[in-house]
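Let me begin by presenting the structure, written as structure tokens, before commenting on it.
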Amino acid sequence: MSSMESVLLFALIAVPFFGALVMVFFPADRHSLIHWYTRVIAFAGLVMAVWLFVTFDTDGDLSKYTVDFEWLPALGIRYSLGISGITTPLVLLNAIIFMAGVLVSWNVTHRPKDFFIWLTLLVAGVYGVFLATDLFFLFFFYELAVVPMYLLIGVWGSSTDFTKQPAVEIPGYGGGGKYDRPKEYGAMKLMLYLVAGSVLVWVAILAVWAEARSVTGMESFSIAALSQVEYSENFQRIFYPFFMVGFGVLAGLWPFHTWSPDGHVAAPTAVSMLHAGVLMKLGAFGILAVGMVILPEGASDWAPVLIGLGTVNVLYGAVSALGQRDLKYVIGYSSVSHMGYVLMGLGTLEVIGLNGAVFQMFSHGIMTGLFFAMVGIIYERTHLRDITVLEGLGKRMGVVGAFLAVAGLTSLGLPGFSSFVAELLVFIGTFRTYPILGVLAVIGAAITAVYILRLMAKVFFGPISDRWADLEDAKPIEVAVGAALVGILLLWGLYPFRIVEIIDSGVQPLLEGMGIA
Amino acid sequence: MMEWAWLIPSLPAIAFALMVVLRRWLPNWGAILATGSMAVSFALFFFVFADWFGEKSFPGDYTFIYSIDWLRAGDAVLTWGMWIDPITLTMLGLVTAAALGIQVYSWGYMAHEPRFTWFFAVHSLFAASMLALVMADNLLLLYIAWELVGICSYLLIGFFYDRRSAAEAAKKAFITTRVGDVGLLIGILLLFVETGTFELSAIFAALANGELSEGVVTGAALLMLMGAIGKSAQFPFHVWLPDAMEGPTPVSALVHSATMVVAGVFLVARVFPFFEASDTASLVLLCLGAVTALGAAAMALVMTDIKRVLAYSTLTDLAFMMLALGAGSVTAGMFHLLLHGFAKATLFLGAGSISHGSEQTDIRQMGGLRRRMPLTALAFGIGALSLGGLPPFGGFFSKDEVTLAVFHGQQFGWVFFIVALTVGFMKALYMGRVFFSAFLGKLKPENEHAHESGPSMLAPMLVFTTLGAVGGLLAFGWTDGYGGFGYFVFAGDHQEGFHLNWGIAGASTVLAVAGFGIAWLAYVTGSLRTEGIIARVRPVHTLVANKFYVDEVYQWTIDTVVLTLGNAIAWVDRALVNDVGVNGPGSATSWSGSKLRVVQSGKLYSYALGMVLGFLALAVAWWVAQ
Amino acid sequence: MTMDVRFELLMPEFLVAGLAFLVFTLDFFIRPVRKDILAWVSAAGLAVIIAFTVPYLLNEHDSLFDGLYRVDSYALFFKVLSMGIGIAVILGSLHFVNQRLTHPGEYYAIIIVSVLAMMMMAASGELLTAYLSLELLSFCLYILSGFALQDRRSNEASVKYVLLGAFSSGLLLYGIVLLYGALGTTHFAEMATALEGAGSVEGRLLVGLALVVAGLGFKLAAVPFHMWAPDVYQGAPMPITAYIAVGSKAAAFALVLRLFYEGLAPAYDQWQMLIAGMAALTMIFGNVVAIVQTNVKRMLAYSSVGQVGFLLMGIAALSPLASNGLMVHLVGYSLTNFAVFFAITAFYNATGKDDIPDFAGLAGRSPFLAAAITIGLFSLAGLPFLAGFVTKFYLFSAAAAEDLLWLAGVAMFASLISLYYYLQLIRQMYIEKAPEDEGGSVAVATPAVLTAVIGAMALGVVLLGVYPDPVMAAIEDATASLLGTDNAWITLGAAGQ
Amino acid sequence: MELYHVELLSAALFAIGVYGVLARRNAVMVLMAVELMLNAATINAVAYAAFLDPGRLVGQVITVFIITVAAAEVGLAMAIILRLYRVRATANVDEADEMKG
């Protein structure tokens, strides 16, 4: 806690956490106060994250960024935080999405106090996972980030019901299914699924801890310390999958992905943004920064499986997105598909691939945030998400359409936007290790183009019906959010040098630590 | 000067950015901004050109390369840079000129569009990316620009987005080319994995040193060819181009005839060493060219919408260029590319002028328009004759170059030679058909009100007409240091001057004349009854008129295969993965709960019994344990 | 045998007993309307005794009557815990008693007596003493569970409880006697030595141990000896339900922990798997059956059966860490259950309802109660910033450290299941709308005292969750005194070190 | 007379008691069965004291305590059973099964 930097790390978690606690004592009916208060919290986080990112020194030592207290000596648990080239961009991502999410939530009028308390707690948890360097607290914050989801979705979410209105069949727009998904279902499934994943993680953590304890007699949950221990090949082979699948669940790893579309669809806009944008990254981050770091041999043994499943994610998610009727489901499945690229990048265990994976986490976070923000606006205006019904909105909602188009083009890997660079790096990594899967991944990107353009052509192009006569385009605040996110996508798309430099400075030592590269 | 060449694409890009950001505040100034930046770029081109000539020795080749780091990750260093060689310069000239002219034209043509500024914005972005594409010094940057022109074309085709047909056409165009791009990207990545770089120079060096295996070379060439035929709408990816005519005519003129669609040809020319090195690749190239040329020419003969006829003629000419490249002559290919660019721009602007002046797009509704719009008629006529390959117009020379190249081609030269001649004849025929039926004959009453277009539209049209007409002169060496197109643009070391093979030239001229003659008889004098001919070859005609049913096949594939698959997977995800795999365990748990609770009967003795059994179980287990 | 007994060390017990009699007698002199005074006296008295005991017995290590009765930090820890539990129950039941019960004097006094019994269970170092104090506790609870005289269910509960209790005490006693026969002693320490000599466990001893486990299993409500628990929990007056769920369990574990760690440690490899299996069975059964419950008390009954499964891991693992884990989880469990039960009691006092659907829209009607219940349930499910997270993590780590990772895994999935039914209740409170009819939407009034108790418990849950260190210090001290410096078997038994 | 004779006796007694608890419906009968179990224990205790460690009085002490506790238990249980009878007009424990599942 000596240096200014470590104070910053501490504050990154403390500000939202205690901010949320303070909010408990606010009068529940002072809506504008609550909104502004949350915005201030989010902005503070944003400022700190940006400062961390800008002042990040790629070849300086990171020891000045450390918080370290003894917390529970009996088990060797310490409250210790730190950053790396990998976490810094993700922290920034979290800050950005939180800010954006709070801003687009201007229309939350149903019990806003509770809503923002839970949301802010969630964000504190996410910061915690990225910053914690002690497995106990990483797990601790991981759970904290998951728990508020249930109420956020259950109370403020929205259900999908296609059992009533039949699909308006339009040639070339099949759009299937008469199904309904109550929000409670989505919330419960998401909660149980993620906690189930965390159980696997927990098992693995305890196994590693106990093994290290019996091998070296050391009682510590510090990732760094645990990664020094020599675990037997067999042990690694057994327990790495626990990390891989446990964290993978949150990363939407096929076939443990189904919570994600349901959850995202049911969730209110800001929560979808945070969840698809940041929380799913926690999973991938966990696989990388915990699983691979602590059990490198296990990681390399299981890498083919991981990259294979990642490929399945890409194709399966993209193809399922083709068959969706609900605007949000399309995007939900697209994030399943895009997380596939992240998992593939991780699976390459190769420097460029890992760079790509981390960069993809960042840019997919921004992109999907933009997506959900815009879809949220559409839903808020039209109270519809049924692709077969929506048509020609571009006439009325040009700006929203433009932003959605940008998000779409980003997701289909259009050069100029950051996802292209990220996916390119993943492709390179994959081509170097498993060329065939690389080919499949590229094909997946093409399928993405199909469903994205289908969506755009149907929802925004074409003649507009009279029922949308008085639709209102994006409000200034929404335009600001959209523009900011687009700006970021463009910035890193056109000049990725700096951010990739930072990521690389985190990835290379990690690989060296694993004894690869 | 050359190190400043990056300004050429940058200026329009900046113009685009400004227009998008400030579109509210600059209603029509946007157009001025766009055209202004284009003009500057056009001017810059000449400086660069001159500078380049200063560096070049004669005879010989010279390439200027300049690049900066763009991204470093691990061992990979990706760069952005410029590559200025004759091919680049040719394209730069064509693109800047065409873009500038057509923007001026659009001032008049698009004047009444509500989204005037947006049009010019996208137009500038297109120009920028197209210029970047031709200047790229590495495959990655080339791919980036490649995708950007694609998206611009998407936006421009979908300019009238509230027309369902336009929306569909735009989607079709993008997705079709995207399929090709998959190949291109895979090819590029393949080369990266093999050579560790995207730099053209390094890759060519590796190729020259034989570091690349036979398979890799052929594979890379074919994959990149896939991208090329996607963008240049060659069979089997040709379906999108005719639909792309949904866009505003200036767009068709610039994007879908003069510049973007030739990007494929340009790509092949750019990576020509690969096609030189692989006979398989060049044979495939030849075959595709031949098939496309014949098929497209046939369709051009039966189409009635003027823009569609022109679209199919574009396909034919692109196929022509491909033939030339396949036969191993970059010179011929690029020369035809250049002259076709001018001629086709003329024709499209003419067509635009027609529909602008007389709201007619179907050639059967036209006729005698020369009385109302003489200048348009003149321009269109010269364009048609030039493209039909009648001397002394430019098209003749380029067509002759191509035919000659094909004749000398290494593989099955004579087969493709015959194809080339046939296609040459058909070109003349449909060009004649369009021109005669549109401008000659007697004026229809409904076209009485038709009027000539304004100067801003005529001026560029006439400029292109002139260029197309006299462009043939470029073939000859006038100044020392130039020595003809063959000494300017060439592949490897076979640079040669222009020489006419009188036999071939004569033959193709005769065919061209024949073509125009037949067209005259059919559409002016009417002494040749087309209905009769059609009636005789009815099935063939229907087949061709329905575009060989290729679209239907694709549509069917998309509707039944792709979407069905999508719905199927979506269903599987719901019903199996979700309802069984996910909900299953949950419901199983609560089911077992509901079964287990029965144990709790509420009766005292059953509880006691439970305890006794528990005790026995413990004791037995214990006893067994030891 | 030396007989210089330091009776003064029994001062706390004497004081508690005295307090019980004081309340009995005061009851005669207080007008029915002022009976609250009794509660205050009892609570205050216990508080004073705590304040007296802690400094008085700190660092006292002695075993009275030749090891029958222990005075050490372990006992001290549980004495304080028991008295604390007593205070909580007394204050928590204040309004319930006023509204729904008669004879408050006896009620409070009996609670105090049971507290005394709990203190003795933690201290006894010999089977018969343990048995007696256990019976004393049981008697009190039999009476208390039937205290709602006019309530059929309360009566049914007490009948089942007393009869099954007697039955189980029969089993336990027979077991004790068999042990005595097999080992020739009933002192824990001597049993250990004898066991060490015995090597393998022959019939008499085996049956004896099985019976003892069965008898104590009844008190712990471990499957399959748990069956009384749901009915008694549901039938008994609500504060008593809380008391049984927390108090008797804590005391029973205090006894079991000492018995197994001091007396049975040498036979570790014999019973570890049995206890582990019982633990697994208990946590699975309890949580699975809890899913289908519709009555809150019954659901919590099953959930606490599940919790017993977790606690048994602490016995099975048999290591210093494990005993720490068990105790800290016990503390967290007590705080949490009190928070939940008293919140439900408040709801019941106001509405007279205790079925899960009745809680619909509680968040609107009483944010405080809803929040308290949520905190409690989340803590029981082991979610972060709450006691449950830390204590479970500790306990499971201990198990993992002793090659019982599989058991820890089972426990984690069990708590995953528990999360499901806890969320059902939370869903009712936060997501569902309050019923329109019979004034379902009126606010639920909570008396100040109850609010204070609930608040204190919830606060404790959070504090233990974020800063367990002080409690851990006391617990580690207790463990140290339990294992002693020369307890070789634990270190022998503890695998992997 | 050997020790195992006595043990058999008490075991039999204990078994009978258990059987009684399981088989009897009347609360009082159940209670008596429990008493049998306790007595079985006492017999054992005395026997062990006599046979195994004559020197010490543990067995006898246990016996005395058991008798006392048993008495108390009976008293308490009877009281509660009385309540049962008051509330439901029956001493049949099987009819007290409102709560189950």
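Order of writing sets the labels: A, B, C and D. Residues in every chain begin at 1.
Convention: contacts are C-beta pairs under 8 Å (C-beta built on N, C-alpha and C of every residue); 3 or more make two chains touch, one makes a residue touch a chain.
No experiment lies behind these values; they were computed from the predicted model shown.
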By count of C-beta pairs in contact, the leading pair of chains: A-B
Nearest-to-centre chain - CA centroid comparison: A
Centre-of-Cα separation between chain D and chain B, whole angstrom: 97
CA centroid of chain A to CA centroid of chain C, Å: 42
Mean-CA-position distance for chain D and chain C (Å): 26
Rounded Å distance between chain A and chain D, as computed from the means of their C-alpha atoms: 64
Multi-partner residues of chain B (at least 2 other chains): 586, 597, 600, 602, 604, 608
In chain D, residues with contacts to at least two other chains: 21, 30, 93, 96-101
For chain A, residues that touch 2 or more chains besides their own: 192
Full enumeration of touching chain pairs: A-B, A-C, B-C, B-D, C-D
Sites on chain B touched by chain A in the complex: 69-76, 140, 143-145, 147-148, 151, 158, 161-164, 166-168, 170-171, 174-175, 178-179, 181-182, 185-186, 189-190, 192-193, 555, 558-559, 562-571, 573-574, 577-578, 581-582, 586
Of chain C, residues touching chain B in the complex: 159-160, 163-164, 167-168, 171, 200-201, 206-207, 209-211, 213-214, 217-218, 223-225, 227-228, 230-231, 270-271, 273-274, 277-278, 285, 288-292, 417, 420
In the complex, chain C residues that touch chain D: 128, 131-132, 135, 139, 142-143, 146, 149-150, 152-153, 155-160, 162-163, 166-167, 169-171, 173-174, 176-178, 180-181, 184-186, 204, 230-231, 234-235, 292-293, 298
Touching residues (chain side chain A, partner chain B) in the complex: 171-172, 174, 176-177, 179, 189, 192-193, 255, 258-259, 262, 316, 319-324, 350-352, 355-356, 392, 394-395, 409, 412, 414-416, 420-421, 424-425, 427-428, 431-432, 435, 438-439, 442-443, 445-446, 449-451, 453-454, 456-457, 460-464, 495-497, 500-501, 503-504, 507-508, 517
Chain D to chain B touching residues, read off their complex: 18, 21-25, 30, 93-94, 96-101
